[in-house]
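Here it is: the structure, laid out below.
For reference, chains read A, B, C and D in written order, and residue numbers begin at 1 within each chain.
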Amino acid sequence: MNSTYGTNFRVAIFGESHAPAIGVEIEGVPAGMKIDRDALQAFLDRRAPGRDAYSTSRQEADIPEFLCGVKEGVATGAPLVAIIRNGDTRSKDYGNLANVPRPGHADYPAEVRFKGHQDKAGGGHFSGRLTAPLCIAGGIALQLLARAGVTIEARAVRIGGETDPEKMKDAIAAARAEGDSVGGVVEATVKGLPVGVGDPMFGGLENRIAQAVFGIPAVKGIEFGEGFAAAELKGSENNDPYGIVEGQVTPLTNHAGGILGGLSTGAPLVFRVAFKPTPSIAKEQDSVDLSTRTPVKLVVKGRHDPCVVLRAVPCVEAAAAIALYDAILEWRKEPA
Amino acid sequence: MNSTYGTNFRVAIFGESHAPAIGVEIEGVPAGMKIDRDALQAFLDRRAPGRDAYSTSRQEADIPEFLCGVKEGVATGAPLVAIIRNGDTRSKDYGNLANVPRPGHADYPAEVRFKGHQDKAGGGHFSGRLTAPLCIAGGIALQLLARAGVTIEARAVRIGGETDPEKMKDAIAAARAEGDSVGGVVEATVKGLPVGVGDPMFGGLENRIAQAVFGIPAVKGIEFGEGFAAAELKGSENNDPYGIVEGQVTPLTNHAGGILGGLSTGAPLVFRVAFKPTPSIAKEQDSVDLSTRTPVKLVVKGRHDPCVVLRAVPCVEAAAAIALYDAILEWRKEPA
Amino acid sequence: MNSTYGTNFRVAIFGESHAPAIGVEIEGVPAGMKIDRDALQAFLDRRAPGRDAYSTSRQEADIPEFLCGVKEGVATGAPLVAIIRNGDTRSKDYGNLANVPRPGHADYPAEVRFKGHQDKAGGGHFSGRLTAPLCIAGGIALQLLARAGVTIEARAVRIGGETDPEKMKDAIAAARAEGDSVGGVVEATVKGLPVGVGDPMFGGLENRIAQAVFGIPAVKGIEFGEGFAAAELKGSENNDPYGIVEGQVTPLTNHAGGILGGLSTGAPLVFRVAFKPTPSIAKEQDSVDLSTRTPVKLVVKGRHDPCVVLRAVPCVEAAAAIALYDAILEWRKEPA
Amino acid sequence: MNSTYGTNFRVAIFGESHAPAIGVEIEGVPAGMKIDRDALQAFLDRRAPGRDAYSTSRQEADIPEFLCGVKEGVATGAPLVAIIRNGDTRSKDYGNLANVPRPGHADYPAEVRFKGHQDKAGGGHFSGRLTAPLCIAGGIALQLLARAGVTIEARAVRIGGETDPEKMKDAIAAARAEGDSVGGVVEATVKGLPVGVGDPMFGGLENRIAQAVFGIPAVKGIEFGEGFAAAELKGSENNDPYGIVEGQVTPLTNHAGGILGGLSTGAPLVFRVAFKPTPSIAKEQDSVDLSTRTPVKLVVKGRHDPCVVLRAVPCVEAAAAIALYDAILEWRKEPA
């Protein structure tokens, strides 16, 4: 088991979709940090379901309750725990799935791994709902980064093969109408990182961000800068020459996406994340009854997103924020 | 600093390109493991430079010396350390680079991060040469995986825009002739993993493999199964239905690349890694003299690969092997 | 910040004495483990305050609420979180302490470390109350150990200089009457450990148990086997010869307390823990007003134990159980 | 396996007594640190054997060879590795021990744990010889601490029941004459720590120091401040009142040994470590032949210390230095 990220800003995400609560325990929130609850809530609202026609109709307030680590809005320096109660659950929607793994979900390998004891309702600990506590931690990390002059902005750049925002929405609506789903790509840009943040080898910014971002369900790929396109370029095209801009040494192009040797270069850090189409679809699918080991036709009921990409945008920001704030703390502890 | 990977099979990679030695410290090699030195050397030889016309002419035997943890070819259970002496170094080739960061290399952010004290010769700790100890650890992990019935095979599927092996070689030769370089894509396939290996959230197989693979210099992207292409599919296309094959529950297709919810599904684990073109090229490039903060024209001398992709193939296997053996140990400690 | 213990059975303890809740997040509870809630509650009741004349009169039910990781009494394999709401708090008792650190408590260094932002009421995150979640985790670990045939039993062997149980109680009563407090020593015995559990160097059983046990407030010393008395013995007296007992290789004496080289020997593991007298006393003490930096006379109000040793007995069992179960998991992952 | 200490200043100790080499890999030595090799060697010489009549006659130069991480005496910021070749080994001295575990040594549990594959010669990875790389890491940590104004000084306060230095030497000489050995107690004092270093719960200074110090072979107990004696005191005696000394808030006594709630108080940090008598003695002892499972009389040949306490003094300083520098880095990364 390993639901914890980081060594300096340590984030342990817990909960199951239909358990009493989901939440997050964070070690490393600095004493005296004033947590902007309004900004945090606004951030959480960006991933909350039920806000528009494009996402699941499950209504959840997703208002975190802070159990400890904060007093009158200010971090005490002790571990901070925030939880969200699971109110509006309809476990019966999942009743018929008990023995039939849904294609594209973790059901089958989880059944084997946890010997049938995992909480199956709503995907349990594998549910996309766990991105809510991820966003609590990420929202706090974003506020800490902002104090250090670092910003992260992500957006959907591709959904269902479309790159125009209006057409993306059409693609989602079309998928919904068909009882199907679509995937997409989120691009994130980080500005304000000092030069030299990150570590060599396994502690590079790419390693760190990738380890965090693959914690978001449905992510199947990540690339930095030119990414897979860099494989098609020549060195003379892909290398970023240096120049002096406003008195600073600066890469004059940014094919590297702001990272060389795992370290930040001073240029904006740019990465893209591939999301597969939501596995929950209304169409009939082939599966197997695990108790009888016979093929069955499966129709997944319940409320599902035809596309998680729009709601995943803040999740990508959150995961990157956690990874980057942890990297910055690593960098900070080096003696001057 | 973080040049260590893993918690169960812990791999600490050390060394600098022109230091007395490079090497690796490994904790978690099981007592009694017979290390097949011939197989290990054959594996190391796959990444060694100087073997053909397509790679750098730096001649290195790359024969590891085991300092401890092995006795008469059998692991003792204590930490295992293997080193490779750095013999054939030509530091003077790098003399003129002391104050001029090479585009595409870690030189500039490393200069800032380590305040000019990093070993600059040959890229120091950021050198591709550090993949030799990675391959020592990975070669041992591959032998341990083989005992568990798990195999990893990688190959270059794209170089310089070409997918045919002969044309790949032509692309490399052409780049060399131009004093330029090309990148490419390596695809790896893992077979024999039991169902359910991996952990939720940040401990998923994608997270683990990505964290390890981005430790190889020049990697700029990773994708699993359909990867970025999944973003273009519909759920009904991308989901892998289940059936019964030879009495076993089996995904009937493998768009997921063998991973759902971070856990192995029993299907082959498939991932692809994007390598940028080697940053060291013979062509003149724009850079800056850091001492005078003035623009300079840089010509990088020395011996360099026009393409690292072929030599990187075993490195991808090594990184994946380390990540997967660590994940298997995590899985093994769960009580029956 | 580091309120987490372990790598295989990971226990993160959170909360502050007067925050909404205290609790624990545990990773590594095996899926399918049936948690005996009655046994767990009986264990927690052993440390709960307000049960007799010898401890504080603060009444707390200390009944854990499980937020996730357990379904119908069986562990799901996902992170387990249990919390205890802080009901009966009297923050005003601590009002006059805001700027005056109590001798023997963490108040002053915590004020400096957390820049005055720590939750001061009731000792905040440093409160002995945090041993309740420690005992939740420890109680679960004890049940897991019992399944592996391992038992831990601790008892007070010395209180206020007395070794007879009745005289210990007299010493506590006398201290209470004087508005003073007494310390003592707890001895723990672990039986049923397989031979060879533990790791060399920093992962030895002594290292692991010590790291966990010093997490209990008021602990100032720990010794294994003969401990400090071993320093007075000769090698010929302190070495434990081996013999064959019931067909098994067995140490014939146990000066080593069941540990050699950090590994279990098969003999009972025996250690003793020194507890200082409770720092909260009714007597007037010298302190300093931190805001004015002037000396003041301090009288600590509130409800306090004249001796924590009796209530600490289950805490010692809990800390040892967490450490040992983690060590056993480490040992289990080695291939057969 | 866990031969690594620390998260910020990470120290991995490797080697076996009769392997080609022993050594240490360190991550976290700051780039630009000038390592004083003479001071380091002088520190290592304090633990080296063969220097006087009181210790083993095995002659070892114990001069570390730096493989990487240092260039021209200055740390590069990359992982630092130093090794010591094992020259003067007499494996045949240990030949008759192959199947007969020495009482008081790790032989028997190591045999079980590592299934007979451990390197048995000279204690293998459990040898006291491994304290040489511990002292390399500790010696570097001491230099880093000195730059931060922190000093550590340890001394033997008790050997063979004697507290007078001359009588200690007599006790050692007497033990040697008898073919026996004696143990003792080392006391360490740390000065110059800022107030508030350390972390609550499992990251307290006591936890951290204990985890490191029990990594030294033969340690069986540790106590801080009054330690076990605190168990005999009343709260009014053991609490340290605060006053203003030279304008600073200061504990007026130091029963706490400079630590409250795991955090430094500003008073000197004081702890004592109990060492058992060296298990290697010349006297005949009872043991068992593990291959035949029959009792045998064992006489241990070879060169052994009748008392490790004097040589252990720098080891205690080293272990404490590693623990404290790691704690200081933890403390440093908190934003101002």
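Structure notes:
Operating definition for what follows: a residue touches a chain if its C-beta (ideal position, glycine included) is under 8 Å from a C-beta of that chain, and two chains touch if they have at least 3 such contacts.
What you see is a predicted model; the values in this text were computed from it and never measured.
Of the two interfaces, A-D and B-D, the higher number of touching C-beta pairs belongs to B-D. With every chain reduced to the mean of its CA atoms, the largest distance from subunit C is reached by B. Centres computed as Cα averages put subunit C at a distance of 25 Å from subunit D. Between subunit A and subunit D the centroid-to-centroid distance comes to 44 Å (mean Cα coordinates, whole Å).
Distance between subunit B and subunit D, defined via averaged C-alpha coordinates, is recorded as 37 Å. Of all residues in subunit D, those touching 2 or more other chains are 1-4, 13, 31, 78, 113-114, 125, 200, 330, listed in ascending order.
Looking at the complex, you find that subunit A touches subunit B at residues 1-5, 13, 101, 103-110, 112-114, 125-126, 130, 158, 160-161, 175, 178, 180-185, 195-204, 206-208, 210-212, 214-215, 217, 219-228, 230-244, 247, 249, 251-252, 255-257, 260-266, 274-281, 283, 285-288, 290, 293-295, 330-331. Partner subunit B is touched in their complex by these residues of subunit D: 1-4, 10, 12-16, 19-23, 25, 27-28, 31-32, 65-69, 71, 74-81, 83, 113-119, 124-125. Those residues of subunit C whose C-beta lies close enough to touch subunit B in the complex are 7-8, 30-31, 78, 144, 147-148, 200, 329-330, 332-335.
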